[in-house]
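Below is the structure I would like to discuss, written out as structure tokens.
As written, the chains take the letters A, B, C and D, and residue 1 is the first residue of each chain.
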Amino acid sequence: MKRFFLLMLIGGLLNTLAAQEMKPEDTEVWEPEPVKVTPGVFTAPPSDAIVLFDGSDLSNWIRPKYTVGATLESIKTMIENQQKTNFEGTDPEWMVKDGAMIVKPGGGAIETKQKFGSVQLHIEFLCPYDPGKESQGYSNSGVFFMGMYELQVLNSYENRTYSNGQAGAMYKQHPPLVNASRPPGEWQMYDVVFNAPQFNRDGSVKTPASITVFHNGVLVQNHTVLEGPTLYIGKSSYVKHADKLPIVLQDHGNKVRFRNIWLREL
Amino acid sequence: MKRFFLLMLIGGLLNTLAAQEMKPEDTEVWEPEPVKVTPGVFTAPPSDAIVLFDGSDLSNWIRPKYTVGATLESIKTMIENQQKTNFEGTDPEWMVKDGAMIVKPGGGAIETKQKFGSVQLHIEFLCPYDPGKESQGYSNSGVFFMGMYELQVLNSYENRTYSNGQAGAMYKQHPPLVNASRPPGEWQMYDVVFNAPQFNRDGSVKTPASITVFHNGVLVQNHTVLEGPTLYIGKSSYVKHADKLPIVLQDHGNKVRFRNIWLREL
Amino acid sequence: MKRFFLLMLIGGLLNTLAAQEMKPEDTEVWEPEPVKVTPGVFTAPPSDAIVLFDGSDLSNWIRPKYTVGATLESIKTMIENQQKTNFEGTDPEWMVKDGAMIVKPGGGAIETKQKFGSVQLHIEFLCPYDPGKESQGYSNSGVFFMGMYELQVLNSYENRTYSNGQAGAMYKQHPPLVNASRPPGEWQMYDVVFNAPQFNRDGSVKTPASITVFHNGVLVQNHTVLEGPTLYIGKSSYVKHADKLPIVLQDHGNKVRFRNIWLREL
Amino acid sequence: MKRFFLLMLIGGLLNTLAAQEMKPEDTEVWEPEPVKVTPGVFTAPPSDAIVLFDGSDLSNWIRPKYTVGATLESIKTMIENQQKTNFEGTDPEWMVKDGAMIVKPGGGAIETKQKFGSVQLHIEFLCPYDPGKESQGYSNSGVFFMGMYELQVLNSYENRTYSNGQAGAMYKQHPPLVNASRPPGEWQMYDVVFNAPQFNRDGSVKTPASITVFHNGVLVQNHTVLEGPTLYIGKSSYVKHADKLPIVLQDHGNKVRFRNIWLREL
């Protein structure tokens, strides 16, 4: 024990000496130089953004052949199919109008042709006013990162549902910190940092997926760590998948609109 | 070993059975209900924000008696003094003009009268055009969370300095992911999620401080974990401090302007 | 005739000589110096604006005792009453919620306590989604300058009505140049320059009222000259009135919302 | 005289009868229906806008062969040349950087390839900070409607010059109503309604040009009627010209920047 304290003492002295000998420039890091990005005005995409929807057409989107899974088993099947089919799809049936894309109820989900891992995403959405609807039935849709991690889209303005199922929730996993919803009929925004999970060779999780979300400029997910893919039924756990997968927008039977969708790969 | 596999098998079967018996509502969480927050329009403060500066006056700020430390030793002294003096200060000498507050070179740093731990912060700043200036000399200031964790403010548009010292850097620790600077003379924005460090009773670190920063809407710090307080000289490490401390804006001798400063406690 | 041409010739020569002798500074005008106004960010009020509604309360508004006239005769009665009663009124019954004021159907019109002549006005409005409603019945309200010159508020997105009765129309007088309506449920903006009419002592019109209107940033009234007060029935003509009168927002039985209302006196 | 009053009386009675017999629908106007225009978000161009500069290149601009005139004589020569040469020009030398076009001092004015008459114009500009410069020498440029009616561009923040020569002035004719300038280095906006003059066959003026200008959202020209083309020297008067002519941006030797330029033909 004495020896330990002696070592501590010596260590402390050395540290102090080291600090005294250090100069300000010793902690300057010059390389690599951060790449220049010209920011957009207001919520316009910055110079290095990939624009997924600018109001004109759905050319960056397809209708996938598979269905987003409800249980872990079906997620596994989906992932297997994804790896086989390479996410082939058909033209989406959603409508484009007034600079927005609109869910076609029954038309199925749509997904990006391009695949992504970790991203900064900006997306605007509008939940149509639909009196009489309630809970999960009121303007329901979702943004699925990598096709399986869902950020819920729902009218949560004066529409109570389960907390981990309302707007801003990581569906069935994490409620939003607060409810920052605007009324149905108004445009809303999500600004998201999604960090893709990383897997070891044996399929175990190296780093779980995490997400930070601002809803209309208000923080609702603060580097939330996900348990696994979003499941409608049951508790989730991770299933190893590819490094990059499409982003999916859900058709949940309501005419939710989206516009000004862009992301930056991280 | 056989016994192990048998247990695995049984466990797997039980899991499967459990999943089969689970219903969608089993994973619904209803309480607590997230509190309602009315978001602001554009970058206006949301309904639960604490407005630190709305363009009119410096009534929420004081000039502290202490100086922000350059070395770990001086940080320790500062923290000791903070705990003694309770952050007393005098009226700040900075100027308010055209809805902005302007650093008074030589007037010293200013800090919030109120103390904060983890926050979502919005702050706008303007680096005045000052040809001839370069590197750290060009429109330098900083936002110090808890008086010691500095998000650098600097003109980094066509002004090279060390990467961990440019705009968007956690000074002397983490360069920004990209350089999203606007030219000097233009207003810029930081949108920040700062998570205060947590300490054990013995002073050791339970959770280090972490920070997410958007610079003009572009992600530049992605849940970056800090090594300790910002130091001008030497390598940092944590020193236990209070749960809440003021936010400090630095006087680095340049007439940097700030406006529209608000935060939400997390 | 010869003499005429001779004079013309001499005049022309003199003009030429005069022009040749003129210096650039001869056409410089230094006084009076235009007053400095600090503009607002986005649609925030500039420094010289009078804010009529900032989202908090209706303290700048009253419920008038009179009713806005439908015919020229009733307008005359209204003007007489105005001059007698000095626009007394009671507290408005409209609701304030989420930073907006909402028409209370049956609660009557509201008007500004302060009186105005020529103004630059900014006002935002939201026509609630109300399927089944049509034509003039769909989210109808109005902005009455000087209590009698109405800029129509209506849902005119995919809702046909008579052209001089749709959103952006000077009601029953001038249709908007184009239909720049957003869908019901979304916030919309009017930016208006209203020039009050001027009367001679004998009550005849010296200068008629004129108006320029931008609807969501799109020009819909281009210095339109008005025929007189807005009438529901019949052709209008001017009736002499005071130089300054209140601005009135109409209750037409629909829960139209307003927010961010400010003006500058011209 | 008696007869006159009798006629007046009869006229009045007839009017009253007419009004009594009129129905609300008598003053409804249904055709033509205003064309639908989808407004832009914030200051983005609406759906019917012609975008002159979106930040990418100068493909809609040329460098004209002629010089903008200083006197009425030279304006006449310019107009003659315009009609001969059809505004031929060469590629502009101005630089495009960070989404803005920058005046190249000595590079000459630039003008739109397309010609316009009456327009709604949105244009953003930035006067670079340039200490030591003063009066007309500080970040001078201009927007010339039809190549000859100049809306002045200048740094007028804490930079006194003659009132009819400052930012927002119709140069050498009409000072702005107020000074709504932002400091040099910040982006500013003009939102303009320009009404082209109309001429009779004999060259006389049928309707003079008029202009309404918002500077950073603040009204600075309220349907101002112009005396004729902008002259550096001498008093102006009208010279008949074509119905449509290019819009010109001036090179006055200062590196003024422009961005987000769009217009709608009226």
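One rule holds in what follows: a contact is a pair of C-beta atoms (placed from the backbone, for glycine too) under 8 Å apart; a residue touches a chain by one contact, two chains touch by 3 or more.
Owing to the predicted nature of the structure, the values given are computational and were not obtained by experimental measurement.
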- Note on the structure: Shared touching partners of chain A and chain C are B, D
- Note on the structure: Rounded to the nearest 5 degrees, the rotation mapping the CA atoms of chain A onto those of chain B is 180
- Task: Report which of C-D and A-D is connected by more C-beta pairs in contact.
- Result: C-D
- Message: With centres defined as the mean C-alpha position, give me the chain C-chain D separation in Å.
- Response: 23
- dist(centroid_CA(chain A), centroid_CA(chain D)) in Å evaluates to 45
- In chain D, the residues touching two or more other chains are 38, 42-43, 98
- Touch graph of the chains shown: is it line, ring, star, complete or other? complete
- Message: Which residues of chain D touch chain A once you look at their complex with the stated criterion?
- Response: 38, 41-44, 47, 98-99, 260
- Query: In the complex formed with chain A, which residues of chain B make contact?
  - Reply: 18-19, 22-24, 26-40, 42-43, 46, 48, 71-73, 120, 122, 160, 162-166, 168, 172, 175-182, 191, 193, 195, 210, 212, 214-220, 222-223, 231-235, 264, 266
- Item | Residues of chain B that touch chain D when the two form their complex | 98, 126, 128-129, 183-187
